[in-house]
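Input: a single structure, listed below in structure tokens.
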Amino acid sequence: MRRLDASATGVYLITVTPFTDDGALDLASTDRMVDFCLEAGVSGLTVLGIMGEATKLTAEESRVFVKQVLARVAGRVPVVVGASAPGFAPMRELTESVMAMGASGVMVAPPSTVRTDDQIVAYFDMVHETLGKDVPWVLQDHPVSTGVQMSTAVVLRILKNSPTCVMLKHEDCPGLAKLSAIRAASERGDLARVSILTGNGGGLFLPEELTRGADGAMTGFAYPEMMVEVCRAHAAGNIERSHDIFDAYLPLARYEQQAGIGLAVRKHLLAARGVIASAAIRKPGPRLSALDIADIARLTTRQNRRLAEIA
Amino acid sequence: MRRLDASATGVYLITVTPFTDDGALDLASTDRMVDFCLEAGVSGLTVLGIMGEATKLTAEESRVFVKQVLARVAGRVPVVVGASAPGFAPMRELTESVMAMGASGVMVAPPSTVRTDDQIVAYFDMVHETLGKDVPWVLQDHPVSTGVQMSTAVVLRILKNSPTCVMLKHEDCPGLAKLSAIRAASERGDLARVSILTGNGGGLFLPEELTRGADGAMTGFAYPEMMVEVCRAHAAGNIERSHDIFDAYLPLARYEQQAGIGLAVRKHLLAARGVIASAAIRKPGPRLSALDIADIARLTTRQNRRLAEIA
Amino acid sequence: MRRLDASATGVYLITVTPFTDDGALDLASTDRMVDFCLEAGVSGLTVLGIMGEATKLTAEESRVFVKQVLARVAGRVPVVVGASAPGFAPMRELTESVMAMGASGVMVAPPSTVRTDDQIVAYFDMVHETLGKDVPWVLQDHPVSTGVQMSTAVVLRILKNSPTCVMLKHEDCPGLAKLSAIRAASERGDLARVSILTGNGGGLFLPEELTRGADGAMTGFAYPEMMVEVCRAHAAGNIERSHDIFDAYLPLARYEQQAGIGLAVRKHLLAARGVIASAAIRKPGPRLSALDIADIARLTTRQNRRLAEIA
Amino acid sequence: MRRLDASATGVYLITVTPFTDDGALDLASTDRMVDFCLEAGVSGLTVLGIMGEATKLTAEESRVFVKQVLARVAGRVPVVVGASAPGFAPMRELTESVMAMGASGVMVAPPSTVRTDDQIVAYFDMVHETLGKDVPWVLQDHPVSTGVQMSTAVVLRILKNSPTCVMLKHEDCPGLAKLSAIRAASERGDLARVSILTGNGGGLFLPEELTRGADGAMTGFAYPEMMVEVCRAHAAGNIERSHDIFDAYLPLARYEQQAGIGLAVRKHLLAARGVIASAAIRKPGPRLSALDIADIARLTTRQNRRLAEIA
């Protein structure tokens, strides 16, 4: 088991949860997906996130899926498990279960019911108490899905109160100023440096976020190699190259990030790439039309052409 | 096991979930609470609702609690179990589990993500498919907690599509016109008559709702005997008497229905009445101040005085 | 002109805006309404609030209505004007216009777009700058209508930053703890004492709020004399009497506070009492059914009977 | 005056409202902006939209600005004016005023208070009644800003009920399926064909929307020539060319569409291009940091390079 720590960099891919056409967990596809991600060069995996259809799984299915992923990863990269829950008893139960299996840490987003600065900070104090001293965790800041707006000051208070919070999954929009301010706070010595991975709009601002000091990305995309290469080019100081790669994938990435049908696009692409056997999404979930699929085909063709041009 | 059906009337009390001071399930208090409700004359019980802190329980705790309630009730009244869930797999799992134990039916509210008429109807078509042909269910219409506004037309479409939906828990506000319209539809023969139990503001409109054709109440209050007596007086044709009883309890009922601290008030009163051993609420949850408790003491004293006057 | 100041106590009634049956401003009814309020013993009036259908008036109609009210009041009590606006230029324009006419101050609620503590405080700093040094103003804290949750700490920061904010219209729920905390802060000398008038649920917690240190009420009700008498009994130290009066009106007050149709109930009652000529509400707005009107008739009869009993 | 009708195609640019550095209306910049848009080849202009800071203007400023725009346009293209308002009296007043000045039509979005299908349809029936038989209007479907989700069925009902609604500003996301369905309805003869202009994410799906049958775009971007050229290439049957142009601008367009600071980016670019004298935004509004400006500079340089490559 590799525990998550604040030195994490690169791409932690938010994985999908593969199902068969009739909606059962597809463990063979799960193995292929893990292999695919590791071959693409990701630094870690994050499972049971929103895009992993976590809430559609039974508790037992969640355990089976996490176990399969951990077995296939076999310690090569850290695996983070989404543990957001409306109550602390289920959060503790899931956390203990997945940490015992070998997960590297958990990720928690605030519930939609907290609003004021003090309510948000108090909530994460309870999260810290629930997870205990030994579980590294990721603070997920994603107002679009949670409805919770955390100011920079609030994020800093949460990080100070919980030394086991080693990573921020930064998805606020506009978020570049916030990213700069949090990074500046650790550089001033106001708090210990944490890893900041970004996911804004599914990585749609990755080059700019890296320039602001992000350590990498934690988000999903059917082409994880894009994010890996953008991060590598940036780390090598080749900023223009990082933008060139990003721009080549941007038209399709934008299409995959459409609210509501994004997951269907992603699973369609992963199935088309041979990663998962079926693009099935559990109900309630979107389905692609023939016109959607034609859009994706055109964008994929164009992407391949553009990638060849800049190769 | 008594299956829930459309002939249900009277008071289905939404119960709390008793905890010990250190937050463990309190099964002895659970038994006392069941006895207390039955002695108060309720026609049924509803467990694992929002006010039952359902989301704060682990799956195993939920099963233990439901089992304890069912054992104590021993078939004397129907027991409905809250089964709202963000995904259908957990909804099916919980439903199968509690029905196998002897529950009489389940209750489902819409998720906050459905908005348009068609989205809401489609959601409940999937609920119907998930629950199957043999599980009677209650449609919970509570916009304040779900954010979902179901028009009368939508409620009627849901009821038509699912013959196993035998009860509407009506909590929309203002809701009297809606109640009248749904009742009128079944009287016109547009759809089979369902039971309509109301919970608007915690029963704060019960006398008026009975006049509009409601069959009773499904809500929580530390004095379930109030709702039982209001329903009985109304059923006996003694409308003014039903108001007299209601009005005597209204000042305290209003205080117990304050958003945010209502559950703490209710558990405080239940503990004060000797029903449950501890007023503990699992985190995150409100706590009463000394000033709150003084308010409650004054209101309780006044309520006793007024009840004596109208006895 | 009497300027609003922090010593304000008693009842500041939120008035309706009377229309004729065909939707025109009804200035004769406006005069009668002013007389009715003053005869009921109110300490002030608040016009162009949410329940005054402010957003349905043209800018010119707003000015005409305010002018009429001010002329009829003739300086006998302070008149506060709602000045919430999505932009500061219209807020400044309306404020300058009504202050020039003789208004005593303005009331401002936050826009639904501000969320974090700092965003809320920054917004009211801009309000302060917009209103200038000479305009006393009321901070309206009404999360149910604005969606903005202001913590006690935030309210205190706003009050410290703006010495011209002389009153808090307190409508948070649950709000008794917040009321106690704000009052305690001024008693500790942390900030200058402001007037706190409450409106929680349309005054549905008035006796308890007075006990916590509220200076009175700023809300609407077709029977303002209830709030005046509750405040007077409380000020005279007769707490039980204040509850007796309150409880006598509570069944009808509760009915008038139903979200969605409350204003229709209020205007119906004001028309029935001969205060306004028509119960008309501008579109979009609710209409009462025959069943609603029967409910109101029963409640009014019962209220009269109960008032006679406790006279 | 040219009245808006259902044959409208091409780009209707949502304009900004230029201010001087001290926040006054900048009429000289307004003239330059009109010239700039017409030179870029737009088919129409839309003023006083959300991105036009409409709510920050006084009623008089709104009239002055509209008058200036109309005078400069001098009938060369239609000008649509945003007329959404919380009440119908102000909506009627603004509409009559701008139509009398020579506007071609108005645009109306639903208020955030309507939720169910019937509520939305009823609202627009009242809009239709308010605008009268002679004012062509645009239905704005923008759930991100309004919170109102209109199903395809609801849009069709609104269009059927109001023959003067000649255009749909389509900004739902995901919205391609909806666009296809509405277009299909008029092709089947279910309703008269209306113009559909899109603005989804600020035009971030324009090539795909044109393929689905959109007639053009109604949105803002500091490079309106992009949208004009994309529409022209598409109309000429050169789909790949339309994508090439779009892709060249996409990295900057994406940056300009960031929620919260998008308008500041747009005004910065318009000022940099010499269109408006100042990038000032009225409070409350965002400001760009030096890092933001560096991002924009890099993206602009890259955009110029890419445009040269595909020229």
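In this document, chain identifiers A, B, C and D correspond to the written order of the chains, with residue numbering beginning at 1 in each.
Definition applied: a residue touches a chain if its C-beta (ideal position, glycine included) is under 8 Å from a C-beta of that chain, and two chains touch if they have at least 3 such contacts.
Given the structure is predicted, the values throughout are model-derived calculations rather than measurements.
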item: Proportion of interface numbers common to chain A and chain C (over half same, under half different); value: same
item: Chain C onto chain D, rotation angle from CA fit, given as a multiple of 5 degrees; value: 180
item: Contact-richer chain pair (by C-beta pairs counted) among A-B and B-C; value: B-C
item: Geometric centre distance via CA averages, chain B-chain A, whole Å; value: 38
item: Chain A and chain C: spacing of chain centres that average the CA atoms, whole Å; value: 47
item: Chain B and chain C, separation of their C-alpha mean positions in angstrom; value: 34
item: Residues within chain C bordering two or more other chains; value: none
item: Chain D-facing residues of chain A, complex; value: 173-174, 176-177, 180, 204-205, 208, 211-212, 239-240, 243, 246-247, 250-251, 254-255, 258-261, 286, 289, 291-292, 295, 298, 302, 306
item: Contact footprint of chain A on chain C as seen in their complex; value: 115-119, 149-151, 153-154
item: Sites on chain C touched by chain D in the complex; value: 53, 55-59, 61, 85-90, 93, 112, 122-123, 126, 282-284
